[in-house]
Each structure stands twice: as structure tokens, then as C-alpha cells.
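Here subunit A shows up in two complexes: once beside subunit B, once beside subunit C.
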Partner chain A sequence: MRSSKATAFVLALPWIVTFGIFWLFPLLYSFAIGFTDYQLLARDYHWVGLANYVNLFSDPAFLAAIKNTFIFVGGTIPFTTVIALAMALLLNRSFKGRGLFRATYFLPSITSMVVIALIFTNLYSRGGYVACLAQLIGFTPPEYGFLYDRGTALYSIMAMDVWMSVGYYMLIFLAGLKAIPDELYEAAEISGAGRFRQFFSITLPLLRPVMLFILVINSIKSFQVFVEIFVMTKGKFDTATMVYFIYDSGLTTHFSFGYASAAAYVLFVIIGLFSILQFFLLRRRQPLW
Partner chain B sequence: MVRPRRFAWLKYTALIAGLTIMVFPLLWMFRVALMDAGAGISLANIASSQFTLDNFADLFTQNNIGQYLFNSIAVGLAVTVGNILFCFMVAYALARYRFLTNRLVFISVVVVLMIPAHIIIIPLYVLTLKAGIYDTYWALILPWLVNPIGIFLVKQYLESVPPSMEEAARMDGAGEFRILFTIVMPLCKPALAVLSIQVFFTNWNSFLFPYILTQSDNVRTLPVALALFQGHQAIDWQHLMAGSAIAVLPVLILFAIVQKQIVSGITAGAIKQ
Partner chain C sequence: MRRILQISLAVLFLTQASFAATTITWWQFWTDPGIKPVIKAMVDEFEKANPDIKVELTDLTWSNGHEKIVIAYSSGTAPDVIELGSDWIAQFAANGHLADLSESVATDSGEYHGWSLATYKDRLYARPWFLGTRVLFANRDLLKRAGYENDFMPYKLSDLKVAARKVHLLGKDIYGWGSNAPEKHRLYKKFLPFMWSEGGQIFSDDGRMCVLPSVHTVSALTIYKELHDSSGYVANQRGIEDAFLDGKVGFIISGDWLLKRIELEKRKINLATALIPGPKFPGKSFLGGEFLAVSESCEHKDEAMRFVAFITSPENQVRFCQANRSATPSSKTAQQDPYFSSTEPLKIFNKQILSVKHPPVDPDWVVIEDIIEKAVEDALFGSGLIAEPLRQAQMKIEHLKNK
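What follows is the complex of A and B.
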């Protein structure tokens, strides 16, 4: 069937071309220049071996970026996952007004990240809404606003991020909950299992594939946090994350393409390892909880 | 099934608290956008200041927002049309033809699905510079004309469509491409609707790539303009929030109309595994 093979090839061509030019080539290219001192304005560039990688791990800015990224990922994902699951459980059974709640919870997920970051910049500002709330409950807000303080800037951005992403993961949890057959709960009810027992023995174990999916996509996304940092703090006050570092070293003042590409590959490896780890942890047959 | 209702009030309290927290920042944005441009953003002013549409008018008369809006819409439409056509073609090839090279194509789709896109910002920047498309619409359109999630979505849908109609048409001697576009494509309308909404939204909100691949006002999109608007002088919140409202309103309206498609687009990705 020569002709059908040719047809399939022609049909797949848009992807083959896009993949080659905009994915495979950039990936190989940046891997290669990661071993050079290539800069935008330099006349020529040289092979430097592993120097970029060695320098990265003695660069305080890069180490701080790794630390901030891990704080961001480790501090947002548990909250996002638990709150999203709680919301999904509240909205799982049908009742009057469920659609409205579901839609509103989801609203921030389709709103532009830039817009959300701008709104929260205002809310977090000096004498702004959040500062007033903090004072109301007897907490002294940072003098120049939450985003201008090393102790609060990153955590404020993280809180916003949880706020904005819970709705999305709630929807995925809802889809997962819907797939659990009602008969299981009926049987559990008949044999006298309470609500909590049902949750831990039926709901959680059966949600495991969904949970795995959510953790993996959320960590792939969270390791790449950039827009909110760029808009809200420009990486100041201990908020620079890894993608911010890549952007800052590669596409501002020095345009150090080689150095930034090496940093990108470090991030790539971290994300890859993290995904594999989660995959193995959640793939085990015995319940983890 | 009868369930205990003791905790119903607790449930509604939690739900309404959640609702308040989720909509509050968006309401705040609209309120500030409708305030007098001179007023400071204090709680007292938020409560008492009069409503005005002046900030929106100012954006169109004294700012480039019309241009940014046009850019966002133009790029968004081009990318969406590209994805409808190309994701469909690729998905059809993957769903209906199975042999080794096709498997390789499928693997490349899955791989890209897992690759963190932000790690290619440097090479993509260099590529657009060298190709001479830096700071043009092409840089914002070409890399995104077909996307792995879209291919997945349509492929999944196609696998539930029986090939009998195509086979009948083939018997009648219709050409492959005619079958594809006049018979199969109309059948895929639901999946393509979900796809186009998702692609348009993603593109409309996208910031990082449009930001690094452009530098002039006549190609910059709305989110990029908003993010950089801040930098000029002391922050002019009223106008900034009015601009933000302009960026959000189309999304809110579209969401109200096609909520179902959006939700199914989101969950389709989750169920596939």
C-alpha cells in the first residue's frame, strides 16, 4: 500500500516539520551551545566543555534560583492538590447551584496570568487590601508591601498561584471522581463503612491515576514558573526562579546564550527526574496513605 | 440514596466562602478599572468613588491598546485556524494509518507533550533572529500552528468514529483528501470546537514567548503590553486595571457561552492516560 503510506506522510507533515524545526532543532542546538561561551554580541565563540555547568553550580544566583524554585514547587503543590480535591468532593454530588460554584472556582484558570499577577500586585501593595486584612487580624504587614520584602515576596506569589490553579485541578479531580462507580459506595454503606472509611478505602485509592496525572503536570508547570515572577518582582527580593534565571542570563544585558542554555538543561533534567520519581511512587500497588 | 444532612450548612458555608475568595480579585479589578483616574486605591475610595468609563476611553484614545488588541486577535485567529487544520490532519494520519514511521511520529508527539516548553526560550530566540522573523507576526504564529494536546484530542475522538463512511466513499472512488475534508472533518466538529477554544484561550493569555520574540508595539500582544505598562512611571492602577479588564472580558464572555466545551477540553487531557 505505497500510496496510503504517502498519504499518511503528507498528512503528518505539518507535525513532522514543526517538530523538527521548533522542538528537535532547538533542543539539540541549546544542548550544543551549552558547551560554548556563545553570546549575542561576541564575534565568535569557543568550546568550553563543562565550564558552564561547573560555573552554574558555583553561581550564587543560580543556586538561589534552584532553592526558590524548589520552595515554590514544594510549597504550592501540596496545598493546590489538597484544596482542589476538597473542592471536587464538595461539588461531586449534584445540588442546586453546583454549576455556578464549579464555574466560578474555575474562572481564575482561564484568566490571563499577567492580569492575575497585576491584580495581586495591587492587592499586595503597601497599604493595599491584603495589608489591611493582615492588620485587622493583628499582623504587621511588611513596610513596603508584601512583594518588597525578602520574607514575604515569594510566599505571597505562591499563595496567589494556589488561588489561581486550584480550579483547574478541581475539574480534573471531578472527572476522576465521576469515573468511580456508585455501587462501590453503596456496598460500603451496606457493610457499615462510614464516610471517612469510604474516602480512604475507595475514593483515594481509585483516584490514584488522576492524582499521579495532577502531580506530574502540576510539577512540570510549577518548575517553569516565570510570568508571575517577571510581572510582580522582576526576580528581586529572593523570588528569582530557574526560568527567571535562564531569561535573565540569556535574554537580558549579557545575552549569554551558552550559559543560559546550560541552565535550561539543568532544569530539564530536574523536571525529568521529578516526573519519573512521582511516576514510580504512585505506580506502586500498595496504598501509600 | 438518602444521605445525612447534618452538615449541609457547613458545606454551603465552605462553598460560599470559596466563591467569595475566587471572584473577589476579579471584582476588584473591575472596580478599580471603573474608578476616577486621580483617586488613590484605598479601601475608602474603593467603596465611595464614582463609577466611570473614562479609563477605558483613555486607553483607546491615548494609548496603543487598539493595536495590541488587534495583534492578539490576529495572532490568536491565525494560530487557531492552523491548529484546526493541522491537528486534524495529523490526528487522522495517526488514527487511521498504523505502521512504523507513524509510530515514530506518535512518539514525538508524546515526547513534546512532556517537554517543559520554557527550556527552549534561548534557542527559539536565536532561531527567530537568524531566520529573520524576530519581531514579526510569524515568530508568534509559526511555532504554534500544531500542538500535541490538540493532536491527542482529535485522535481520541477520531478513534470513536467508525471508518465505515470513509470506506464507502473510497469505494465510490472519492480521493483521499476529498474524503478527509468533506466527510471526516465535519464529523469531528465537536472535537475541533473544543480544540479551537482551548488553542485560542492559551494563545490569548500567552506571555513568555510573545514577550521574548517581539520588541515593537505593532506586533506586541495585549498581555505583553500590560506586563510592560507597569514599568513606565508610578503605577497608574486605574488604566492598568481597565486594560486588564479588556484582556479578561472576551474570555469571560466566551466562557459563559461555551463552558461545556472548555471543561471537556480540560478533562479530555486527564482521562487519556
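What follows is the complex of A and C.
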């Protein structure tokens, strides 16, 4: 018994060492320097207590980043989830060419985000396809393009994010749908339940674990949105999110690692609380619907 | 026998040691195929002339070079010699990362322009390599179509505004003015010439107070916004240059790299260049440049300084500038080379360099420029009063300086 434990420990050792060096140590170290005025170029640093946290909550740029992040999360997750579920329901039926549709919808998920962001930067530009489309349906597009307008820049990136993400979550929903036994639907049909009733009484409740998984990982991903912002707007036009703020504070303009670490821990707490809330809401025994 | 062996080994070791070359490391930004061979050739020539010194060359990129340099200094892995943009020198000097070169450059300081960009607290921290400024580029064909004579160029900012508008009204997909979208390290370089030409300043003369929201700066930003609103083609620097070279834009402000693009890409454009307009013609343009500095941690400072002096020598500046199509060497002797007056645009650049200003040499400049860019962004793309973003920028800068 002892020997098998020792073997397990030895086998897990490479992972433990890697985790300790590349994850745990940076995590604890960044927590510690969040209480200092550590700047990359300075030769020494000092303990500043909670000053970084206090300053963060009076920094308009950080408050704007929190606001933008919440807009991003709140504006993408419901759309991504609902569209992915709808697509999964459609593709769960059997029809000719179903495989092709599945592959096509999943394609954006395996494409580089930088490539997608560059393509959409073009689509959103002045005189681009999206502007032409908007004109066709009677909307006046922003004068300098969708990404050069404070009213549309963030929402345009959000729309791209939804388009990019739905295929991946659709696949997870599909796996969840496949796991629901057909007998349940047959029994419901015999009992006279219509498709609407079947969806709300069988499909949705049984998809709850999948839904929880999707909501949690999508929330974490959305709270950490960075690449799209970096490639498309560099945080301009009111699009700077929390991770962009951390990058800007720590690694570009200011090189203030202490301040950036404190901001990273605020984000960590927000994501943690949000995930706990989702677990709490979706793990309840009584049906939500 | 053992003794003979010991003596032989000692002699061998001493001989090796005396012939071992000192290695100095150099980080630089010039990687494109047209210029890298010149850099390499200069290094080879230096090594040939100085057999006791070997130079290890490392390339940086403009996209993340600054971050790499910061991380290198922070982690104690900085090179001996480093190319720095003028805006960064104070940041590294203030934190003690650059060697004080004040004594070693005193003998030839009269030979070079641009020392003030590398002077922090009365000490010199880098040697000017080549300088950079911006001039006004115009599409002569569009100006003709707008009804202007062949030799017209605007002398005042108001003339520029009117001419840009006339070009803008020529038709669909034609724009009067290439207006920079918010873009790090770019937008402020376009606005500051307007501000300086109108008499505005960032700090008071004694450097103690931020005086950004002055009447002069408000006036400059008003003109800049009017140009942007009435005739602007808004894109990043690359985007507006593309549109200009495609014949869609009447006027843009740009640097000598655009001349290089026109030549290398064989662009057919009826180009005109002019000095920056302003109430007192010529207006003040932006002055920056590339400098060579020696790290404080360098163990072979004399050798490093010899190398820096070699690379920045007048002859090598001419070679570099010709290969890179740079218009403005820092060496006064190099500037006399016929190459720099061989074309009208090069002449314009060398006239404009006599009417320039540079941002304050301040360790916080990278943060200050970010604040100014945000103010210009707010003024151009927001809807409030022009003075308000400037006032907010003033508050942020003063907060930063009072920390």
C-alpha cells in the first residue's frame, strides 16, 4: 500500500514540480507583490499595504475596465449560451449534411483568435462588409468604422466573440443532448407532452450539469478577454477590459507590477465569486424553469 | 617532467588569456533585408579594426522591443550596448541602468545634434545615432483637382484646414486629411507639432507645473479636431499612409520612412513635401531619434564606447542613412553629404530639423504621452468641450508628478 502511494507520488512528481514552479509560486508571489510598489525598472521596492487596492478603486481607468468587462461578460454569455443550445438542438436531429454543418460551426473555435480578430477588423472598417450590410437594412454605420466609435467598438468585439464561441459550446451541448436517454422522450410523448413541454421538463433539467460547465468556463474566459481587445483596438474607444488594464499597467506603459498584481487579484476574486454564484444557482435541487 | 608540463600549461593559459577577445553585446532594431547587411558590415569592420573586441548582435522588433529591454534591465540580463528610442532614455537613466557618458563624449559633442534628448539631470546617457522628424506630405494631383496652383503649399494651419476641406469635397472616397486614430506612441506625435506651433507647452518653463490646458493648446486641439471632423480619413498610421499612397488622401504628416516606402514599393504618386505650417512659419515639428547607450552593468565600458563611437561616426551614419533612407543623421559632418540634399523631400526634412521640439526628457514620459493621447482621443471622438480632456490630463499628470 505504502509502495503504491510512493509510486503514485513519484509519477505525479513532474506535474507537482511544474505546478509548483510555474503556477503556485507565481500565484503566491504576485499576491505578495500586490502589497508593494514593485516596478520592473526600479532597483528596490517597498511594502505599501493595501495602497494598491485603494488606488485601484479610485482609478477611473480601472473602474472603466471593470465596467467594460462586466458589459462584455453580461452581453456575450447569454447570447453564446442560447445560440449554442439552439444550434445543438437543430443539429441533434438527423438530416443530410449534418456532419458538414457541425464541422462548419466548429471551425471558428479551431481558428487562431488573432486571425479572426484581424478578419473582423477588416469587416468592421469604414466601408467594410458590416457597414454595407448596416446601410442595406437602413442603419447608418459609424463614420470611421465600427471599431473607431465609442458607441459600437466594444459591442462589435462582443458580437465577434459570440460568433467565434458558439461552435465550441454547441459541441458540448450536443454531447449533453446525446447523453439524455431516448426513453424519456418516448415516455413523455406517450403521456401527451408536446415538444415545448419536453424541452422544458426533460432537456433543460437534464442539461443542467452541462449548462453549469458551459456557464462557468465561458464566464472565466469572458472575464479574461484580452487577445481580441489587444488586436482590434488596443484598449482604445472604451474597450479596455480588466486583463488589458493589467497588461497595460504591468507590461507596457507603467511597468508597475505591484499595481498590476493587485488588479489581477481583484479579477481573481470577481471570477471566483461569479463561479460560486453560478454553482449555487445551478446546483439547486428544485427546477429553475 | 611534471614541472615542464606545469610551465607549458601556464604559458598556454596566459597566451590564451592575452589573445582572448572581449565580447560586447549589442541589441538593435534594424532587421529588414535592406539595412541588416549594412549593420552586419559595420560590425565586421569594427571587429577587423579592433581584433581584441567581438560584437554579439541581437535583433529587437518595434512591436515588443521596449518590453524586452525593460525585462532585460529588470532581470540583470541587459546587453552592453543598446539602441534606445529618445523617449525611453530618461526612464532607464533615472533608474540607474545606463552608464553616464558625460565625460567620454565631451570631446566631440559639437559634432552631433540631439544631445538634449539624451540629457537627464544635466548628465548624458546616450549618443545620438540618427534623428527623426515629421513633415507635411501632400498629393499634388489632388491639390490641382481642388483648384490649387502647382507650387501651393499651406503656410498656416488655417490654410491647411481650407485646402484639406477642398480636397475632401472632391468626391466619394477622397479625403482631405489623414487623421491618426488613437494608437500608442503615434497620435501624440501628430498633435504635439500643432500644439508647439501654436505656442502651447506641456510643462511650464521651470518644469514644475503642467500647463497643458492653456489657450494655445486649446486652440491647437480645436484646429486639429476641425481638420479631423471636416476632412479626416481616420485610421492607424499604417492605414492612413496606405490611403495616402493609394491617392485617396490630400495631406498627411509623416516621417522619412514614407519616402522609403514610396521608393521600395515603386509607388506612383505626385508627391509634395512641405514644412509644418504654423502661425510663425515654419511650425515646430516633433523631434525624436535613435540613440546608442551603454548599460551601467557593462564590464567593458571603454570597449563599448569605442564601438558606439564607431557606429555613430559621420561615415557610418551616411552609410546607414542611405541604406535606410533616413533623412536626418545626428552628425553635422554627415549632414553635409550630398545624399541629404539629393532630393526635394530630403531637403525639406533637413530644413524641418532646424524647427523642431522634443518632449520633456522625463522618466515618466511614457505614462505622460499615454495621458496626452487619451486627452486627444477624448477631444476627437468625444462630444464635450475641447478644454475638458486637457484639464483632466493636466490633473492626471500633476497627480503622477506629485507621487
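By our rule, the second predicted complex is superposed on the first by the 283 of 289 C-alpha atoms of A that agree within 3 Å, B and C clash if a C-alpha of one lies under 4 Å from a C-alpha of the other, contacts with A are read in each partner's own complex, and residues count from 1 in each chain.
Please note the rule applied: a contact is a pair of C-beta atoms (placed from the backbone, for glycine too) under 8 Å apart; a residue touches a chain by one contact, two chains touch by 3 or more.
All figures in this text were calculated on a predicted structure; none of them were measured in a lab.
Q: Looking at A:Arg43 after the superposition, I want to know if it touches subunit B, subunit C, both of them or none. Which is it: first, second, both, neither?
A: In the superposition, A:Arg43 touches subunit C alone.
Q: If you count the residues of subunit A that each partner touches, which comes out higher, subunit B or subunit C?
A: Of subunit B and subunit C, B contacts more residues of subunit A.
Q: Output check: A:Gln135 vs subunit B and subunit C. Expected answer is one of first, second, both, neither. What do you get?
A: Neither partner.
Q: Considering only touches as defined above, state whether A:Phe237 meets subunit B (first), subunit C (second), both or neither.
A: After superposition on chain A, A:Phe237 lies in contact with subunit C alone.
Q: Have a look at where A:Ile119 lands relative to subunit B and subunit C in the superposition and call it first, second, both or neither.
A: A:Ile119 sits against subunit B, while subunit C stays out of touch.
Q: With both complexes superposed on chain A, which partner does A:Arg150 reach: first (subunit B), second (subunit C), both or neither?
A: second
Q: May I ask you to decide whether A:Ala12 touches subunit B, subunit C, both, or neither, giving the answer as first, second, both or neither?
A: In the superposition, A:Ala12 contacts subunit B only.
Q: Using the superposition on chain A described above, determine whether A:His254 touches subunit B (first), subunit C (second), both, or neither.
A: Second partner only.
Q: Looking at A:Asn55 after the superposition, I want to know if it touches subunit B, subunit C, both of them or none. Which is it: first, second, both, neither?
A: neither
Q: List the residues of subunit A that touch subunit B in one complex and subunit C in the other.
A: Shared contact residues on subunit A: 127, 251.
Q: Give every residue of subunit A touching subunit B within the complex, in rising order.
A: Counting only subunit A, the residues touching subunit B are 4-5, 7-9, 11-16, 18-19, 21-27, 29-30, 33, 87, 90-91, 93, 100-101, 103-108, 110-123, 125, 127-129, 132, 163, 167-168, 171-172, 174-176, 179, 186, 189, 209-210, 213-214, 220, 223-224, 226-227, 230-231, 243, 246-247, 250-251, 257, 260-261, 264-265, 267-268, 271, 275.
Q: Touching subunit A in the complex: which residues of subunit B?
A: 1, 3, 11, 14-15, 18-19, 21-23, 25-26, 28-29, 32, 41-43, 85-86, 89-90, 92-94, 96-97, 99, 101-102, 105, 108-109, 112, 114-127, 142-143, 145-146, 151, 176, 180, 201, 204-205, 207-208, 212, 223-224, 226-227, 230, 235, 237, 240-241, 244, 247-248, 251-252, 255, 259, 262-263, 266-267, 270-271, 273
Q: Which bits of subunit A are touching subunit C when the two form their complex?
A: 40-43, 126-127, 143-145, 148-150, 234, 236-237, 251-255
Q: Considering the complex alone, what residue numbers of subunit C touch subunit A?
A: It comes out as residues 66-67, 70-71, 73-74, 91-92, 95-97, 173, 181-184, 232, 234-235, 366-367, 370, 377, 381-382.
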